[in-house]
Each structure stands twice: as structure tokens, then as C-alpha cells.
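Each of the two complexes below includes subunit A, the first together with subunit B, the second together with subunit C.
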Partner chain A sequence: MINFWYVLAGGVLLAIATAIVGVWLVLRKEALTGDVVAHGVLPGVGMAFMLYGVKDMMILSVGAAISGFLSLYAMHTLERHTKLKKDTIMAIILSFFFALGLWILVKIQASGNSGVSGLESFLFGKAASILPKDILFSLISVLLVVFINLFSKRWLFYTTFDTLYSKSVGIRTDLANHLLTFMCILTIVAGLQSVGVVLMSAMLLTPAGIALFLSKKIKRQNLNTLFILSIFLNISVVIGGTSLSYLYPKTPTGPWIVVVCSLLALGLFTIKNKKSNS
Partner chain B sequence: MQDLWIIICVGLMGISCSILGCFLILRKMGMLTDAIAHSILPGIVIAYLISESKNNFIILLVATIFGVLTAFLTTWINRRLPNRGDTATGITFTFLFAVGIILVTLFAEQADIDQECVLFGEMLYIPFDTLDFFPEIPRAFPLGLCVFLCVLIFIKKAYRPLWMITFDENYALSVGISVSLWHYLLVSLVSMVTVASFELVGSVLVVALFVIPPATAYLVSNNLKKMIKLSTVFGLISVILGYYISVIFGGSSAASIVITETLIFLCVLIFSKLTKNNFNYVK
Partner chain C sequence: MTKQNVIILKNIHVGYFEQKIFEDFSCEIPSSQMVGIVGANGSGKSTLLKAIMGLIPNQSGSIEIFGKTLQEVRNRVAYLPQKDSIDWDFPASVLEVALMGLYKEFGLFGKVTKQHKEKAMLYLEKVGMADKAKKQISELSGGQQQRVFLARAFAQEADLYLLDEPFVGVDVATENLLIDLLKNLVTAEGKTIVMVHHQLSTVSKYFDYLLLLKEGKIVKKGNIEETFTEENIQETYQFIK
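== the complex of A and B ==
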């Protein structure tokens, strides 16, 4: 039972961070960037394991963060230097990094190193394997995200909605973008173990999407409402999903959280639709 | 002989993907392809459970339904969240993919399918999984040929309407071409090709087959026909090269095909930068 509380604590911490970053991503119409980073961390995880040969979360996370950053950098470079559309570039980067990660993972598996078995849990997440020291790691990253968010909220707000104005009053838009990138990578790396790379973007997007929708319905469209709604939704969804995954011990945790969250989203979208029609 | 069969089967898929991909990337549907590739997963599992064997027809049908469902759900959510198309895509495909993963893990014993097979695919098994009445021919070959012919006939017959909805939706509407009908036809064809190739290359890397060769061709072509031809060539070359690279260096064959495609993309990109030809605007 004690393990259940660990998992829950880790999940709730993660929920706070993803909710905050998700709201920014949705507002900036960069929703799928999270997906690109989440796939982009995979080669870093593989490489870190290859170099050090141990499954230590700290080392793997550093590798993950580096390759996540590289994937974003590659995306922006291609955007600047080609006439390809943004979603094409995203699909290219995403599948290339995933392929690279897969190639490395298969290589590692072929080398017969013991302890490799757990690496697959990065794909779908295995919350049951969370240890107290992993929770400490997520706690640090969540505190960092909340801290950065509190201090740079105005900057991010102006750069999101009016780049020209914020440039003219002397806000460093590039710095604000870097901060958001940093927050995004930090959150995704922290969530690797419990949600996994493939479904990370759901934790970012779906609560933020619902929050955006609801805030419009209750006519309170401001940033704080969005944050509160999204954090609240995300925490309750994580609690629901984690409990469900304990009923079916064979299944990974990440998908359950996502299913609960999406069903909530779909339900809310339909109900509101009927009301607004009448 | 085994190598040859693998290359023929994967090559057929590669060509089908490259042809369709040209329309996809021009219609800004690159990430929708990614979404479809993820969200046909529950369809595949359900089809395996219904048919209790690898009945290709049922799998194609159910997965196509799920592909269309994805496109439909995305449009529907997009109407609830105006101007947030990418968020709508993200919500839809993660939902269906998560459902698929849960189904796979719950029914792994009943259905002849597992997580890794779905995600990564395994093309090396192609020559061993043969037809019942022609033991020399692998099962993937008639499926691949069928899908390839479908794509070819569709593109030949529907070139004009596809061309119109790709470049000028308003004009297409004004001459009485239903944009949404052709859009959903394209989507269902994409899901058919995806489901036919997921066993060989896996559900995530199919996206690369769809997007990277057309993107490479886009860099160096100035009309659609040329782009389709070049994209087919790039797709085929990278399948052959990638497969032999994986034979020599080991590692996953699907992954090395994608890595080869990206390397070709980068080479072409550098080439087009060096020659300073703005192929897209110069007639």
C-alpha cells in the first residue's frame, strides 16, 4: 500500500508541472511541440544507458534532457532554413529521433546487458517502479517549473499574445521562449518514468484543452483561471487513472490516466455543446 | 531470396506511402498522419480479437474506420476549441492510442499481438509467414500489392480533384468538388496503407515513410507530378539502402530505414542550399 502512495505522490507532482506547461503550449499553438520533445528524448535515454551501463534516473534524465533539447533545436533550425510547413518538419524530427532511439535500444538489447529490461518502461511508463528518490527528483523539477512560472508569467504572457509589443517595451522574447523550452523539457523528463514518452503529450494537452474550453464557457478567460482549472483537472485525473491501473495490475499506468482524461474531455465537450445550442 | 522478399514487400509499402505523402504534406496533414498512425491501434487489436487470426480484410476494414474516426474527432474537437487544430489532434490520437495500449496489454494472450510488435514492427519475419496455398509467397506480399494498386488507381483516377483540393480549396468548392469527401477518402486510404505496413515497420515509424520522402522531393521540385516521381524514388532508395545497412550493422531494420531517409533528406537539403536554387518558386 505504501507503494501506492509513492506512485500517487509522483503522479500528482507531475500533474501540476504538466498542467502549467500545457496551458502555455496550448495558448501558443505549439501543442504538438510536447509530442516532438517526448519522442526526442528517447535516443538520449538509450545513449546514456549505453555510456554508463546503469539504470540510474539521474544519468538517464540528463541524457534525455540533452536529446530533447537537440530535437527542438533541430526543429527550429529546419523551420528557419526550409520552406517546409511546420507540421511536416515536426513529423520528420519526431520520427527520426524515435527511430534513432529505437535503433539504439535494439542495439543495447542485442548486446545482452542485464538490467536493460526496464528500459522499455520508458515507452509507456511504469509508475509502480517509482522509488522515493525519483519522487525527490520530480519534486525538484516541479518546484522549478512553478518557480519559473511565477516569476516569468508576465513575460511569457506578453510574448505569447503580442510579440511585437513585448519587443517594443523591451521584453526579451527570446529569453522567454528559452524559459518555456526549459520548463517543457524538465517536465517531460520528470514524467518519463510514470507516463512514458508516447503518451506524455496527452498529460500536457488534454487538461489544458479542457481548461481553455471551460474558461470560455464560464466567461472567465484569464491566465489564473486557466492554470487553476488545468491543475485541478490534471490532479483529479491522475488520482483516478492511477487507482484504475491498480485494479488491472498487468497494464501500464500512463494509458489509464490518458483514457480517464480524454473521456472527461469528450464528455465535457458534448454536454456543453447541447447547452449552447438550446 | 529472403532479402528480396523483404525488400519487395517493404518497398511496395514505401512507394505507396511516398505517393500519398505528397498530398499529405502539401495539405498540411503531416501531424494528422502521425495521429492516424497512432490511433488505428485499437482498431487493429479489435480486428485481431474478432477474427482470431490474421484476417487481412477485417483488419483493413476496422482500421480504416478508426482512421476516419480520428479525422472526424479531430474536426469535431476543433469546432469546440476554435483555432486550436494542433491541440485537437493531440487530444484525439493520445486518447485512441492509450485505449489501444490498454487493450493490447489486457488481451495479449487471446490476440496474436503484443506491444512491441505494434510499436516497432518486424520485417525480418516476412519470409517465414507464408500463404497457406502458395508456400513460397509471404503473406505480406499480396496485401502490399493490393494496397499499392489501390493507391495507384486512386491517384490516377482522382488526380484532378486531389490536385484542386490540395492547392485551392475555394476553387474546388466553386466548381462543385466536395472537399470533405476527398479529404476523408484520402484519410481512409492513409489508414489502409498504415495498417498494412504497421506489422513491417511499426506504428510510429510509418509516419516517417509518409512524410520524409515527399519532404525531400519538395525541396527540389517545382510541380506536383515531378514531386510524386522524385518522392517515390527517394522512398525506394531509402528502403533498399536502409535494409542493407541494418543487415551490415545490426539494429532494427525499420529504424535504419528511417535514419537513411533522414540522411538523404539532409543531403538533399544541403545540396539545394549549396546550388542556391529556389526550386519551389522558379518555373
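== the complex of A and C ==
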């Protein structure tokens, strides 16, 4: 039972951070960027483990952050210097980093290092293996994300809404992008253990997408409503998903959360669309 | 009497990727006038405004505004981007958009006070949008959105206004209201308005000074009476007789 509360606490913390970052990603029409970073962190996690040989979240996070930034840097460089469409570039970068990450993880597992067990959980998440120190790490990440969001809300608002105007009054739009990237990486690293890289984008984007949809329907579109709705939805699905995995033993929490979240989205979209068609 | 130049561009080189829009381009824009920039699509009208605002890097040459660099006089310049560069789906209220014009007063981290809101409301009132202050910007018509954006530009209380096609999607009544407000800024307060404009039928009515652009080069510049001639327009738009 104690483990259930650990998983729930970790999940709720992660839900708050992903909900906030997700709203910005959806508003900036950069939903896939979250996916790129989520997959982009994998080689960094592997490399950090290779170098230090221990599964310490702090060390792995540094590797993840470097590799996540590199994936975005590669994406932006290709965008600037080629005429390829953004989605093509994203697909290339995402698969390259993911493949590289898998290659490194397989290599590590073949090495027979005793500390290697559990590294594979970074792919699909393994919430049941959450430890109090992981929760502490999530707590720090969430506090940082919440603080940065409060501090930079106007910055992100102006640069998202009207980039050219923002630049014209001297606002650093590039720094705003970096700030969001930092929040994104922080959140993804916090969720590595419980949700994993593959399913992370669902947790980042689905509640934010639902929140945007609902706020339009209830005609209460403002940033604060979006954040509150997104956080509330994300916490609800985390509670739902965690409870389901507890009720049906030996079923994974991360996928449960994502399935619950996606079904909720599908249900809401269908009901609302039916209502508006009738 | 010759008026002082508010913008001086000397031998600038500006472009996107390998495509050069302006090569070795020089021009001056006089102060306290309604200045129109007219030309066919792709002639570089918007790019010129963006280059002045430093939104596209100038590879060589110099740009002076009020005899200084943009960085030094940024607070005296207001820029209204083209409509399609804005994310109209963003959840922002009309008041929040107008408040953006007061950015230089509260910056990124300062508190937005009651006085700021009152000031923003004042400018919304000027463009007839005060009653829509609480509405979402996405709920407004194209003309109403442009009114709000001009209120934001007015709130900047600048000395130089660079407006990129402010009348796109605007009805005639709104356009008349806005042009009166802009002309008043020039005549009563001595401000300079530089505007990219498409409607040839209103050029002579709106502007004192005209810059005719074609493929990144000036076809003609000068007072409206001298420049807005049949011959110059034909040359600018490559009309075939």
C-alpha cells in the first residue's frame, strides 16, 4: 500500500509539471517538440550510465538534459540550413536519437553491469519502482517548473502570441524558447522513471489539448483557466490510472494513465461534437 | 523647407537564405509625415520595415533612426506586424493585447497596475473597442482585430510608427476612423507614420510622401504630388500598355 502512495505522489507531481509545459507546447503549436525532446533524452541517459556506472537520477538527468538540448539544437540547425519541412526534420531527429538511445541501452545491458537493471524502464516507464528519492527529485522539478512558469508567463505569452512584435520591443524570443525547452527537459527527466520516454508526450499533450478544447467550449479562454483545467485533468487521470493498475495487479501504471487520458479525450471530443452537430 | 530625416538606410544588404531582397540599398525617410510604401508583391515592402526593426539581420551597411541605432531608440518606435504573423487562436483578451503596448512601462516582470489598465482602456476607447475589452481577440472580426492592434501601437506612444498593411480586412468606416487617428498623430503631434499600403485608390488621400518599390529597388521617392503619377505606378507594377 505504501508503494501505491509513492506511485500516486510521484504521478501527481509529474501531472502538475506536464500539464503546465503541455499547455505552452500546445499553444505554441510545438506539440511534436515535446516528443522530440522525450526521445532525445534517451542517448544522454545511456551515456551518463556508461560513464558513471550507477543509476543515479541526478547523474542520469544531466546526461538527459544535454542530450535533450542536443536534439533540439540539431532540429533548429536543420530548420535554419535546409528547406525541409519541420515535421520531416522532427521525425528524422526523433528516430535518430531514439535509435541511438536504444543502441546504447542494449550495449549497456550486454555489458553485464550489475547496476543495469531497471534502465529499460526508461523506455516505457515503471511507476512501481519509484523510490522516495525519485519523488523528491520530481518535487524539485515541479517546484522549478511552477516557479519558472509564474516568473515567465508574460514572456512566453508575448513571444507565443506575436513573435515579431515581441522582437520589435526588444524581448528576447530566443531566450523564451530556451526557457520552455528547459522546463520541457526538466519535466521529461522527472517522468523518466514512471512514464518513460515513449509515452511521455501523451501525458504532456493530451490534457493540455483537452483543456484547450474545453476552455473554448465553455468560452473561458485565458491562460489561467487553461493551466487549472490542464492540471486538474492530468491529476485526475493519474489518480485513475494509478488506481486501475493497483486494482489489476501486474498491469503497468504509465500505460494505464495514458490510456485513461486518451479515452477521456476521445469521449469528450465525441460528446461535444455530437452535441454541436445535433 | 526640407524636413529632417527620421530613418536613414545606407547601403544595406538584407535577405532570406540565399535570396537577397535588398542589395546595397539606401534611402531616407522624412519626419512628421504620412509615408506610404507601395509596390507589387515581393517588392520588399514588409522586408524593409522588418530590416528597419532589426527583425531580419542586415548583413552590411547601416540603419539610423533619429540619428541613432535602433537599440538606443527602441522605445520611440512602434511596429505593427502583418496580420498573418499573429497567432489569432491564442487565449488573449482584447485588454491584454492593448496592454502589450505598455510593455516599456512594466517590462517582462513588473506589475501591471490599475493605471496601466486605465491607459490601455483609453486607447481602446480611441479606436472604439473599449466595450469589447473582455472579449477574446479570436472572437473579433478582422477589422476589430486590426483596431485593437492599432490601439496597442498607439499605447506605445512612439514618435515613429511602422505599420505593415494595417488596413487588411478592415471595412471602409473603420479605415476612415483609423486614418483620421493616424493623420492626427502626424499633424497635431509631429509623429512619423510609415505604412505599407496596397490600395492604390487611397494613396493620394492618405500619404504626404511616397516610396515606390520594385524588386528591392526604389522606383521613385518623394512628395506625393511628384511621385504618385501614372507613369511611376506603371513602372512599379510593370503594367503593360
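Here is the rule we go by: the second predicted complex is superposed on the first by the 278 of 278 C-alpha atoms of A that agree within 3 Å, B and C clash if a C-alpha of one lies under 4 Å from a C-alpha of the other, contacts with A are read in each partner's own complex, and residues count from 1 in each chain.
The criterion applied here is as follows: a residue touches a chain if its C-beta (ideal position, glycine included) is under 8 Å from a C-beta of that chain, and two chains touch if they have at least 3 such contacts.
The shown structure was predicted, so the numbers you read here are calculated from the model rather than taken from an experiment.
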Notebook entry, point to check: Putting subunit B and subunit C on the same copy of subunit A, do they fit or clash?
Noted result: fit
Item checked: Partner with the higher number of touched subunit A residues, subunit C or subunit B -> B
Next item on the list: May I ask you to decide whether A:259 touches subunit B, subunit C, both, or neither, giving the answer as first, second, both or neither?
Entry: first
Margin query: With both complexes superposed on chain A, which partner does A:155 reach: first (subunit B), second (subunit C), both or neither?
Written below: second
Note to self: Applying the document's definition of touch, where does A:223 land relative to subunit B and subunit C: first, second, both, or neither?
What the structure shows: second
Item checked: subunit B versus subunit C as contact partner of A:163, first or second or both or neither -> second
Note to self: Going by the contact rule set out at the top, does A:171 touch subunit B (first), subunit C (second), both, or neither?
What the structure shows: second
Check: Looking at the overlay, does A:3 come into contact with subunit B only (first), subunit C only (second), both, or neither?
Finding: neither
Check: So, does A:208 touch the first partner subunit B, the second partner subunit C, both, or neither?
Finding: first
Notebook entry, point to check: Draw lines from the C-alpha centre of subunit A to the C-alpha centres of subunit B and subunit C: what angle do they form, to the nearest 10°?
Noted result: 90
Note to self: To be precise, I mean the smallest distance between any C-alpha of subunit B and any C-alpha of subunit C in the superposed model; what is it in Å?
What the structure shows: 9
Item checked: Residues of subunit A contacting subunit B in one complex and subunit C in the other -> 29, 83, 212
Margin query: Show me the residue ranges of subunit C that touch subunit A in the complex, using the header's touch definition.
Written below: 17, 50, 53-55, 71, 74, 77-81, 85-87, 90-93, 96-97, 100, 103-104, 108-109, 136, 138, 152, 156
Next item on the list: Report the residues of subunit A in contact with subunit B in the complex, numbered from low to high.
Entry: 26, 29-32, 34-35, 39, 81-85, 87-92, 94-96, 98-100, 102-104, 106-107, 110, 120, 123-124, 198-199, 201-202, 204-206, 208-209, 212-213, 248, 250-252, 254-256, 258-259, 262-263, 265-266, 269, 272-273
Notebook entry, point to check: Can you list the subunit B residues touching subunit A in their complex?
Noted result: 25, 28-34, 38, 76-77, 80-81, 83-84, 86-91, 94-95, 97-99, 101-102, 105-106, 115-116, 119-120, 202, 204-205, 207-208, 210-212, 215, 218-219, 250-252, 254-256, 258-259, 262, 265, 269, 273, 280
Checklist line | Residue ranges of subunit A touching subunit C (in the complex, touch as defined) | finding: 27, 29, 83, 151-152, 154-155, 157-158, 160-165, 167-171, 212, 215, 221-223, 225-226
